[in-house]
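Chain nomenclature is as follows: A, B, C, D and E, assigned in order of appearance, with residue numbering initiated at 1 for each chain independently.
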Amino acid sequence: MDILSLFVVVPILTMVGILFTKGLKGTRTVAAVGMGVQLVMAFNLLYQYFAERAKDTVSEMLFRVDYLWFESFNIHYSVGVDGIAVAMILLTSIVVFAGIFSSWKTEDLPREFFIALLLLASGVFGFFISIDLFTMFLFYELAVIPMYLLIGLWGSGNKEYSAMKLTLMLMGGSALLILGLLGLYFNSAPDGGALTFNILEIAKVSIPHDVQMFFFPFLFVGFGVLGALFPFHTWSPDGHASAPTAVSMLHAGVLMKLGGYGCFRVAMYLLPDAAQEMGWLFLILTTVSIVYGAFGAIAQKDLKYINAYSSVSHCGMVIFALLMMNKTAMDGAILQMISHGLMTALFFALIGMIYGRTHTRNIYEMGGLMRIMPFISVAYVIAGLASLGLPGLSGFVAEMTIFVGSFQHQDVFHRVCTILACSAIVVTAVYILRVVGILLFGPVRNKEFETLPDAKWYEKVSMVTLIIAIVAIGVAPLWLSDMIRESLTPIVDKLTAAAIN
Amino acid sequence: MIEGIELQHILIVTTLMFFIGVYGFLVRRNLITILMASELILNSVSINFVVFNKYLYPDALQGYMFAIFVIAIAAAEAAVAIAIIINVYRRFKSVNVENVHEMKY
Amino acid sequence: MNLHSFLLMRHELVLIAIMLIVLIAELATKDNRKSIIAPLALVLFGIHTVIGFLPMESGTLFGGMFNATPINNIMKNILNIGVLIILFQTQKTFDSELNRGKVSEYFIVLFSTLIGMFYMISAGDFLMFYIGLEIATIPLAALAAFNRHENKSAEAGIKLLLSSTLSSGILLYGLSMLYAANGSLFFTDLMHGTYTITSLHTLTLIFFFAGMAFKISLVPFHLWAADVYEGAPVNVTSYLSVISKGSAVFIFTVVLYTVFKNYAETWQPMMYIIAIFTMLVGNLFALRQNNLKRFLAFSSIAQAGFLLLGIIAGSAVGMATVIYYVLVYVFSNLAAFGVVSMIESHTGKTTISDLNGFYRTNPKLSLALMLALFSLAGIPPVAGFFGKFFLFTAVASVNTTPYHILLLIALLNTIISLYYYLMPVKAMFINKNESPIAYFKSDVFAKIGLSISLTGMVVVGFVSSIYEEILKFCFGL
Amino acid sequence: MNVIIFYILAAVILVCSVLTVTSRKILRAATALMFTLIATAGLYFLLQVNFLAAVQLMIYAGGIVVLIVFSILLTHHMEHQFDLAEPKKAIPAALAAIAGTVICISTVLQFDFTSRLAEQTTAPDVKLFGRAFLNYGEGGYVLPFEVISILLLAAMVAAIMIAKKNKQ
Amino acid sequence: MDFTYTLAIILLPLVTFLTIGLLDKSMPNKLAGVLGTASIGTSFLLACYTAYQYFFVYGMVDGVYQKIIAYHITWLKFTDTLHIDLGVILDPISVMMLLVVTTVSLMVHIYSNGYMHGERGFNKFFSFLSLFSFSMLGLVVATNLFQMYIFWELVGVSSFLLIGYYYEKPSAVAASKKAFITTRFADLGFLIGILLLSWYTGTFDFVQLTQTSAIGTLESPAIATMGGISFMGLSVISWALILIFMGGAGKSAMFPLHIWLPDAMEGPTPVSALIHAATMVVAGVFLVARLFPIYAIAAPDALTVVMWVGAFSSLFAAIIACTQYDIKRVLAFSTMSQIGYMMLALGVSKYGGENGLGFTASMFHLTTHAMFKALLFLGAGSIIHAVHSNSMLDMGGLRKYMPITFITFGIAWLAICGFPGLSGFFSKDEILVAAMQNNTPVFIIAVVVAGLTAFYMSRLFFSVFFGKETKYHHTPHESPKTMTIPLMVLAFFAIFAGYIPFSKFVTSDGAAFATHFHWNVAIPVTLIAFIGMGIAYVLYFKESTIPTKVTKALKGVYTTIYNKFYIDEIYLFVTKKILFNIVARSIAWFDRHVIDATMNGFATVTNYVSNSIKGLQSGQVQKYGLVFLMGALTFALIFIYLVTK
């Protein structure tokens, strides 16, 4: 078994393992062990990647494995990773690992819960390692669909509505995707020759201009829906609000990244001309998204809604930066994905813990939690600070890379958009501090909360894992940034070439 | 071939018969009369086959054969239909097709 | 006639033999021993299915009336598998007092319709085609009316029979004109004949289309389907929706691709419109159903609309994807029906709301149903995903804007369909229920049937050689 | 002569057809149907396809009509008069039928049959049919002949299956 | 000379922060205090050593103080040219700041051991103090704009954490929020400024940016380009620098971004002393000083903005300070006023040689101000510690109870008033001279402010230590040694810091020049200061009814001033009413009721259509037949007659 396929196989094996367990204890242990192994593997992959790059391996994707699958369609099971994928895999492993610990007390149907969660995870891993568009799409769908049950069954509040809405909207996105993918496929050999789903192969050909213009919106919006592109983001607040903790974590932390990842890896990389020409339109949308999400977050009372809108804003920034189409901005976009993935996962984990204790998510019903549960509160403050871009935490690195990169754009319009986007850092500070002020500080508003316990050990594991990751990136971002930047070269080159035409 | 009669004339007759049958099928209430209407339809078609064979392609028997098989099938159909109709009658105490609409929407 | 010819017709001949054996068994057994008939039929049919997979040559018999080609053979095998699964699911039906007396009749009629389909599939001219079609329809109406004690069953029977009469009348009218215009009813003659297409030709095409559209239940020729599916015994419904429809789709494709090859400019736009309406209407109606069978009926109407996407492509890939999808559909839909039939036979409950809380009591069945529905909705990792994706690929392969629009509409329809496919899932997993359907132990046959379906649903998707094997023998316009 | 006979037959066919679908008494409708079928047989005689005419008479007029009459007797009171079809139902149906007629006839008339009219050789006799039925080669019809027997068997069994009462 | 060891100055507090922060409650309070103090003490010693090494041994080359990059690594790469480096730059102002920061910080640490004794979050407090020290030190040694921005944010957050130290007190929470958001808003300008500047110049590096040629022009050609491009009447470089200054104005509480500073006094007093008086708030001044060559040479317009903002803030704050009763708020406005002074000094300065007097003066005043203002705050802390109130109305006649505090506070008072011989006198004098030489209106404002400063400080001093005899619940007593020793040390600096020949060390271009004492400025201004003190003496030294009368006479004006010209209310209106209620709420509403409703609308429409076509499936088999027929006929009609081939 090759090093990459293991990322899909291990979750599946873990699922199988869970089938043989009874009760919550066994289940969660197996899940934790499985994902622990996965985490170790992710770090090993990182190490291997650097080792390989140190050997001056120049190919775009490493650890390539390729099996022919459907011969007549030229569908392959083709995997390989570049620095970006490695980074995303690392992110996923961390978030999933933390997610398992956040769901340590899933009393209701634990086996099913963990299996669905792992299914989601294996879909995500599969997506990131895929080079073949078909397999990529397969994994994409595989990752999306367990959400329905996860939210519907273990969620809270208006969960059925939210689950359905989320699923349908995301599947709507993937419906657009299919059209786009097939468009790519059937134009992958304009000069004759075999059609292909292989991203690297398609990247080599130049797809006719009008074809690009036709299919680009489908692909971009298709992925954009998952990336919470305005105005297709409305599944996000409801979905996050209703989802159980670990699911919110995984969804906001990892699944939404599939959208952004797809946007550049597929839509922009393979259809560069269209990306250049239609970028402005989406740029407006994302700029709106950034500011709008941030303002939307200010007016919310529900913790999860606040975070969901904040995700809209942050994910908007991802796509925003991607559309700048230069290396720095795109580097920032990916850093932002990772950073947002980590901190939003942390946020949701914390919200879950708070909700689990107080049984409310309305910030006005709580207050002064800092004194009652200092560990959780401090973690919340850290997450908040990361979110508002405090140096030393991951958010800063990402945002600054984005801003500096975006501002490098030659076009004035793009720079104006950048300035508008920058303004989000203030609004972000406002809503983060608002929550911190109301929720954590101040006097204890509800006397019943006085006796609530602080974090348990498994919750601490979850939090600390994420915090370490956030701080690690925040303090030493260069290796990550360089790894990503290096891998962006072919993509940016293509986009640049398209810009010149 | 009937001397002095053009093919089209016969076709007009059969077509009329066909659509009279269709009309009957669509309008009559009694299941048995609907069945009769459908016999008209099949009958008109088998005339068509015979006439075409006769007028246009007398060298082979395709049309005639088809007509024969249509007749046979009509018989089989009628048999099954009547069995079901009787069953419907037992269940609904009526052979009015408009009463047979337990399932809809 | 020689042994060789018999070998070419072995599907049909073996089946006729089985029919006769069942008939003899009926006569030879005493009343209290009748319960062996159903298993006997099952075993015999199992043997038949296996025989179907033995290597076979291709050839033409009876002056071109019967074609044995590899693709026909594949199709028959697919149908065989489907029927086998249905037979597994049917066993339990005959435990009930009401049905015990009619076992052998049931099988004889069922097998005869299958024979009809086989002849239809292998037909080399329209006469055989028509006879096959009628054999596959008329006895089915009787099967639909099988439950003599239920109003709905009788209603289903009469509705199917009357509708099919009208439809075959129109089909016949078309065929007669086809004969008039071309002088032959043999496919090969029609295919190779040189003629200019007149409006009479177009009329024949349209009437033929309408007749087949009835069988496949395409909008607006579909209205019978839901009522019949709902009223018929559940196993008959699954037979109707899977086997009958599958065979019709196949022969429809073949005829369009051969006989009406030169009419493609007419039938493609027609199919374009019909496909859109079929998907849309099927979905919109499925949305509002609570009865599981009726729900599946509309779902299968919508599925037929998706199948058209493959046919419309007019290429070998199109045909292959259609057959492949039929195969996928056989497994998926039969799995769904299998669960529905188990629930119905054990509890008599038939609505989606009855499923509330079903997972808590019967997790395995729930999972099976969920997977089946996911497969129908086209969600990985089950085969439906592959099937749908390939159909979309087929239609996208035309690579012109109208077809992209068609694809887009189809894709949007998948979203609606996802919504209603999730409804039973929601009921089973999410909805709370004070008194859910209690745990029941399903009979071993039904379990085997379900396992075959589920295995098929997974294997067909991931094992690519199945698709490649089908594609090898397909042809385009 | 033939022409006159044809037109008489045609008139009978059409009039009786109309009666079949409009008569308010069911037995009368059945009778009209029978006359239609017999007239059809007459047409076949006129076309010199005697075998077919015989089949038509035996199976249709003889078999099917009798079957229908039986079923009428089983399910009806003879005196029962149907209500006239209500316009809400009849008018669309009539319009559709008329439209269909117009479309079909106009299409048929547009088609150039004249050039395809063939020289008439011999009229097909029973022998020819007999040979064809038992021939399995080119132009033979043994296969449909056998297959239709399956249908008839199946139909019979099916009818029994539905009609059959439980043993106990 | 290897200056790498300077890294330790910065990193020691970081290590302390992490140690105390992570161990938190498992560490005894005493140990945390000692550890914190020891580490900053070490930093202080190292800073002193560095200063010695830099100023007296290695720094000067060819008569010019060099910019020495003691250490640097690439922290994050944006492009090949744009990258964030973390490093240590040593030049006169950074070394000076190192000294100032470590000194004040050390004093505050020592002081806090006493002041915070017994507080529940004692360890937390020390860890935050260390964090702040780390951030501030990182800021002053920043080698490039972005490093500065990083530490800029870090000091912001430390300030946030420390202001909100009493997090259960709603007013403290509100104040910390306000401080952070206001400065954050300012930082937005800073950030955009950086982006703008870096976009043209392709670098963040201070050395590259401020490199000047021998003839006093900037070497970076890009800056000249920026000077050539005009946008809305100002050159782009001016815009960039004004935006950067916006960041500085935010941190340094310049009008109109000053609103957070008075509220920030909610934090513990040592924090006010360290962050909101001596160090962080002068970061803005430091920022302008850091980029001074560009301001002075390439963007005089921006420098004019700096000047006027400084001058206005200085006057504005001084006026408000005259009316406040909260002892810490008076000091806060005083701080704002004094920083305005420094800004003003920078604004009137030119680049190079003696023309850079304002620059030197500004830095000089920064240093002296740090000392006496820290002293004032710590003194105030000592008082508050004793009286348990912030209000001057609750105080009076404290000189008897707290002699050390009284004396040290007195020294600081005299220093800030510009009493001849004390540090404030010298630094202020230089500023006034620079102003006089360059801009008369500004000079006049500066003089007025000097008078006002003397007045309100005296008002404070008299009413606290003299004035009416207040009845105290507990007899106030002198603070413990840990608190008084820092007071004494700082008092020492407050007296003698003025005697440092600043123009020898810290000049705009690094080259030393000689300053002359301008009696023509010093004497009148000192007189004005005495007048201010005199008025205060009359009004507040003894209990008097005159202030009340004056207040009554000028009711409207007084209320306006007392309410800080209602600037807070305007902000509140804009943020609460407009941004929150109107913008945010309506966006939230729009999202739910328009966008989301549209998405839900698709579902509704689908359901509606589904419901309205249900009649098609009527259950009547004949209708099915009709539809069937119609369908076939329609297609026949379309494809035979309508579609012409």
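Convention: contacts are C-beta pairs under 8 Å (C-beta built on N, C-alpha and C of every residue); 3 or more make two chains touch, one makes a residue touch a chain.
Just so we're clear, the structure is a prediction, and the values are computed from it rather than from any experiment.
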Give me the chains shared as neighbours by chain A and chain B.
C, E
Between B-D and B-C, the pair with more C-beta contacts:
B-D
Where the centre of all protein Cα atoms falls, which chain's Cα centre is nearest to that point?
A
Distance from chain D to chain C - Cα centre to Cα centre, in angstrom:
31
Provide the C-alpha centroid distance between chain A and chain C, rounded to the nearest whole angstrom.
42
Distance-wise, how many Å sit between the C-alpha centres of chain B and chain E, to the nearest whole number?
97
Would you kindly tell me how far, in whole Å, the mean C-alpha position of chain E lies from that of chain C?
77
Multi-partner residues of chain E (each touching 2 or more other chains):
603, 614, 617, 619, 621-622, 625-626, 629-630, 636, 640
If a residue has to touch 2 or more other chains to count, which residues of chain D qualify?
89, 93, 96-97, 100, 103-104, 107-108, 113, 116, 139, 141, 144, 148, 151, 154-155, 158-160, 162
What parts of chain A, by residue number, touch at least two of the other chains?
168
How do the chains pair up in terms of touching? List each pair.
A-C, A-E, B-C, B-D, B-E, C-D, C-E, D-E
Touching residues on chain D, where the partner in the complex is chain E
89, 92-93, 96-97, 99-100, 103, 107
Seen from chain E, its contact residues with chain C in the complex are 603, 606-607, 609-611, 613-614, 616-617, 619, 621, 623-625, 627-632, 635-636, 639-641, 643, 645
So, in the complex, the side of chain E touching chain A is made of residues 74-79, 82, 84, 146, 149-151, 153-154, 157, 160, 164, 167-170, 172-174, 176-177, 180-181, 184-185, 187-188, 191-192, 195-196, 198-199, 579-580, 583-585, 587-588, 591, 595-596, 598-600, 603
Touching chain D in the complex, chain C uses residues 1, 16, 19, 31, 61-66, 97-98, 100-102, 105-106, 108-109, 112-113, 115-116, 119, 127-128, 131-132, 134-135, 138-139, 141-143, 145-146, 148, 157, 173, 177, 180-181, 183, 198-200, 203
In the complex with chain E, residue positions of chain C that touch it
158-159, 162-163, 166-167, 170, 197, 199, 202-203, 206-207, 209-210, 214, 219-221, 223-224, 226-227, 265-266, 269-270, 281, 284-285, 287-288, 416, 419
